[in-house]
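Sharing a structure here in structure tokens format.
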Amino acid sequence: MSINQFGRLLTLTTWGESHGPAIGGVLDGCPPGINLDEAWMQRFLDQRRPGTSKNVTPRQEPDRIRILSGVYEGRTTGTSIGMVIDNVDARSKDYPVDAPYRPGHADYVYDRKYGFRDPRGGGRASARETAVRVAGGAIARLIIPDVSIEARVTEIGGESDAERWEALLDDTRRAGDSVGAIVECVADGVPVGWGAPVYGKLDADLAAACMGINAVKGVEIGAGFETARMKGSTSQDAMREGPDGPTFDGNMAGGIVGGISTGQPVIVRVAFKPTSSIRLPVPSINPSGGNAEAITRGRHDPCVGIRGAPVVEAMVALVLADHKLLHRAQCGDVR
Amino acid sequence: MSINQFGRLLTLTTWGESHGPAIGGVLDGCPPGINLDEAWMQRFLDQRRPGTSKNVTPRQEPDRIRILSGVYEGRTTGTSIGMVIDNVDARSKDYPVDAPYRPGHADYVYDRKYGFRDPRGGGRASARETAVRVAGGAIARLIIPDVSIEARVTEIGGESDAERWEALLDDTRRAGDSVGAIVECVADGVPVGWGAPVYGKLDADLAAACMGINAVKGVEIGAGFETARMKGSTSQDAMREGPDGPTFDGNMAGGIVGGISTGQPVIVRVAFKPTSSIRLPVPSINPSGGNAEAITRGRHDPCVGIRGAPVVEAMVALVLADHKLLHRAQCGDVR
Amino acid sequence: MSINQFGRLLTLTTWGESHGPAIGGVLDGCPPGINLDEAWMQRFLDQRRPGTSKNVTPRQEPDRIRILSGVYEGRTTGTSIGMVIDNVDARSKDYPVDAPYRPGHADYVYDRKYGFRDPRGGGRASARETAVRVAGGAIARLIIPDVSIEARVTEIGGESDAERWEALLDDTRRAGDSVGAIVECVADGVPVGWGAPVYGKLDADLAAACMGINAVKGVEIGAGFETARMKGSTSQDAMREGPDGPTFDGNMAGGIVGGISTGQPVIVRVAFKPTSSIRLPVPSINPSGGNAEAITRGRHDPCVGIRGAPVVEAMVALVLADHKLLHRAQCGDVR
Amino acid sequence: MSINQFGRLLTLTTWGESHGPAIGGVLDGCPPGINLDEAWMQRFLDQRRPGTSKNVTPRQEPDRIRILSGVYEGRTTGTSIGMVIDNVDARSKDYPVDAPYRPGHADYVYDRKYGFRDPRGGGRASARETAVRVAGGAIARLIIPDVSIEARVTEIGGESDAERWEALLDDTRRAGDSVGAIVECVADGVPVGWGAPVYGKLDADLAAACMGINAVKGVEIGAGFETARMKGSTSQDAMREGPDGPTFDGNMAGGIVGGISTGQPVIVRVAFKPTSSIRLPVPSINPSGGNAEAITRGRHDPCVGIRGAPVVEAMVALVLADHKLLHRAQCGDVR
């Protein structure tokens, strides 16, 4: 598995910097014969797209996806699907290479790891890359048509009452600050049996998928961290005979036990830290040495988690579709 | 990457069931010339070993590791390291195949995925497999000798005051119940620059590594879920010039930004659910159909998280050693 | 490793059909700080380019490579390198979907595997994809600057006297037929120690790399098939002390023993079958059933092996660069 | 894919040195519910086993395979299959560490790559490792029960008349020399559609599988190198309607076109060089420097290719079973 690649059998390999000419990726391993057009993918990209409200960055990017291969006369052919999204509104002068390192951003570590970096808009570390994930996720959904995947923001800045979010975000933006968020994703319709023991666990793959999203600092499945504070007698989902097979009395497990899906909804919760780019000054250092203050003047979301929801959906879709194929490989179509 | 395998360049492939003749694994990609003996590995296995106190399962397993290849005259040769641990105290009659599915365990999903299963002691899904991880992690530590990795239980059943744990565990055991725990692992001495962008992120690999441990339901890096409730002005680690390079005013990031290590301690926090095997009855179903009560009579830990700490250390060690090699591959020894 | 991907650490993932809008790929894992521009890559692409003589297909493709990511101010950044080559001269009407299956081509097997296919110009199975390999190989060369890699045609249609090739090709073209060829590639400057035991062998990776090129039916290393007819006393390369280290009395081994480079030139020989597209009629069947005659009217090389030489070079470069990185990962820069 | 591992979905990871306590491996990804016992595997191991005639090494190894996991009550469970073969007849004093490098062997390159090596019996580079391949291949056959795989020696020392082999081998043995061989493997019953485009080609995987066998220097598919000397009008397999689907007029392609199986027998031909260990002296150097003569006194096959046939079968079985699973993953059970 290469470092800019995600997945086992259904793999997404991406490329592109925030302010390069384009971003893109390759989805490989997709089954043949699936109806696919750019309009379907665009629908999901539009959900992630910047510039659509005052709470997300005003950078104007149409994020128009183009499929360049792997689809013939509206159906996937089984070959690799090349995708490109042109970068249109890239204002590179906002990002001088000699600006102080922005704390919370990857500037410093890229410079130290690679010796230098593309400083424009965060380069490869920009959340812009997630547009390609959303494109890949849109295709993944078609591989698992019986599964519905929905992610929503459940908390912003510690506030779970959605009616107070607007004011909170307004205040935050005015203060030049940012806030974190929690996104919950529910995948309904996952059959029992997807996943694999030990290192190919469905929850392990979901954890990698979501922790790898920009700004994510935590991932939990089902009752997650709460289970650590529970007793075994309450953390288990009792089973009973139902008319259509076993039913569960709850879903503390988040639909996964032993790394394998139970047939209940798969529930993943993801913690996004506050946007690292803020207008308030933060003590930092210059690339060439010496203390400095980092002040971000570029355009940014006050709460990156809001735009994170469609990305979480995409990553969950990619993992589930991948595990459907893995299960079919080992156990066949039956079951 | 096969499903019973972990890692990118430094890979651990494991095999073995709880009540089979033995468990074992292969560590591949280890650098040559490292001093290694079984005594070093045994030291870590003994930390994980069952039967050492009343708070862990009384199953008596010496867990004696044998290295069968890849080491010559006390040094690693660079070839694959075969490891075997014999199973000694396996009481398979505790686990009849027709017993009700144990909620929280993988019994049901294995049966549905594979059509049948090895029911003895949880088979492949048993935490016994983690002994091999600990063995692999012991070798991984030698690949990163400048990094110290320590995990400790920070909460048991929601209680963070360690002085009350003894009584809490006694009560829990007597009640036939179990409790969850939180384990925190700190890796000190990781240099800046390990990790990779986008999908090869150090934190994404740590998340998969830890979420894949038995009974784990959540993973967070640094301030983790707390960052979702913070503002950007407090969640960032300001930087300053120090006598030996940059210093940070805090470590909210847990030593990782943009998927790459910052040079600060890497901090991972892991949520273990309560042991699923409890003596209290839980409503369940029989494999052949019909409601039933699952009552576990086998020997089990009242708090599986306690023995989870050395496993978390091992997985963190494997990930860090792997990323040291990945970094060296791409960027060379310098830096 | 996904199915449209090659390599272990340095990976090339490609996409694109012969008559789609473009072909392209992603080179991942490239070290940072390497001077790279499109002109360097174009030089190799021009060697493979069709339309340059009467002995290769007259399809006019400029094959202009565009680097869309991973390079900043003329140097590789260490992030994934996105590459695109637009398809310009695609005459899709030459390839009706209901034409008889062309024997030797992948038409029939694609239809049977995937249920249908993109029939235009051979779709994904077209040798056009190899342009992206050449682009990737051009970058790979820069990772191993001390290694020179040169492939040349040594036989055409069984004729090893190069002076007779022109006439042979003229006759073949006029007859509407095609001929096979043998390409030999020599990589000079490979140090001792690249490769790995058992399954990560340098020669095994070279074999996969070359056998995966369109029209290739055989691969041999060093004296190859001839060694099967030799005695051990003649097939071995005796060693002697030299002023700069050991020297070998010959190179029957083709620079690889036990899967690891010896420090001698690495020699790979590749057999290309005759171009499958010929103007002579070949008995075949229709996709919808019934016997038919396949007659190719599209534009094709009378000897595909001629254009195969730069592709062999590229694949050898990719394998060697990959193994340099693998060696550095495990054994460090020293040695 | 780690370096001591083979396969994509069905993976074999091996460990063990010639004169260590044991050799073994892990077969991962095997479908569940397959009847498997050690006797079945032993049958194939016995074919490869040394000490059975005067034409193979007299080392007496029972090669008794033990399955340690992944099988319950005679059926595969779908979890990883751990296998061990104890080394019994290891005479390490035959291999002093300060002996001259044996030309054709991996002694020199291991020393240079890793800094030192296990010198006993060739260590990891010994053909003894292939016993584990044969064990893995025996299981792979059960995944593709409708495919019969048979390899046979077709040439020894350039002699294709089998009646002359006995005398040739006697002469060779007496002279202290060795001879090469060609092994041809035919897999009958492979359906149309296994394989994948571009880099996941069935023939590319077969080439890697066979080139990675000890002493192999060449691999060809179908008419192989001969096709390079043919015309397109004769190298193609014409197709015709048959009562049970398409038939082919020949099998120059060796059952594979465009990297995908055609439904015809898959034919692989493999060139084994002469055994490198010969009693005749070969000029060489000492590990500590200085010219010397390498004379092998250990026990060896005069023609390693003879015992190579079951290994080729095993590798072909592993590749085909892997591709069956890959095909099922992407395209489903149907077709």
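Labels for the chains are A, B, C and D, by order of writing; each one numbers its residues from 1.
Here is the rule we use: a contact is a pair of C-beta atoms (placed from the backbone, for glycine too) under 8 Å apart; a residue touches a chain by one contact, two chains touch by 3 or more.
This structure is a prediction, so every number in the text was calculated from the model and none was measured.
K.L.:
Could you find the chain whose CA centre sits the greatest distance from that of chain D?
P.N.:
It is A.
K.L.:
Look at the interfaces B-C and B-D and say which one is made up of more C-beta pairs in contact.
P.N.:
B-D
K.L.:
Between chain C and chain D, what is the separation of their C-alpha centroids in Å?
P.N.:
Spacing between the chain centres: roughly 25 Å.
K.L.:
When the C-alpha atoms of chain B and chain C are each averaged to a single point, how far apart are the two points in Å?
P.N.:
The answer is 43 Å.
K.L.:
Suppose each chain is reduced to the average of its Cα coordinates; what separation in Å results between chain B and chain D?
P.N.:
36
K.L.:
For chain D, what residues touch not just one other chain but two or more?
P.N.:
Counting only residues that touch two or more other chains, chain D contributes 1-5, 9, 14, 29, 32, 78-80, 113-115, 124, 197-198, 326, 331.
K.L.:
Inside the complex, what are the residues of chain D that reach chain B?
P.N.:
1-5, 7, 9, 11, 13-17, 20-26, 28-29, 32-33, 66, 68-70, 72, 75, 77-82, 84, 113-118, 123-124
K.L.:
For the complex, give me every residue of chain A touching chain D.
P.N.:
Interface residues on chain A, with respect to chain D: 9, 29-32, 78-80, 197-198, 325-326, 328-334.
K.L.:
Looking at the complex, which residues from chain C come into contact with chain D?
P.N.:
1-6, 8, 14, 101, 103-106, 108-110, 112-115, 124-125, 129, 155, 157-158, 172, 177-182, 192-201, 203-212, 214, 217-225, 227-233, 235-241, 246, 249, 252-254, 257-263, 271-278, 280, 282-285, 289-291, 305, 326-327, 331, 335
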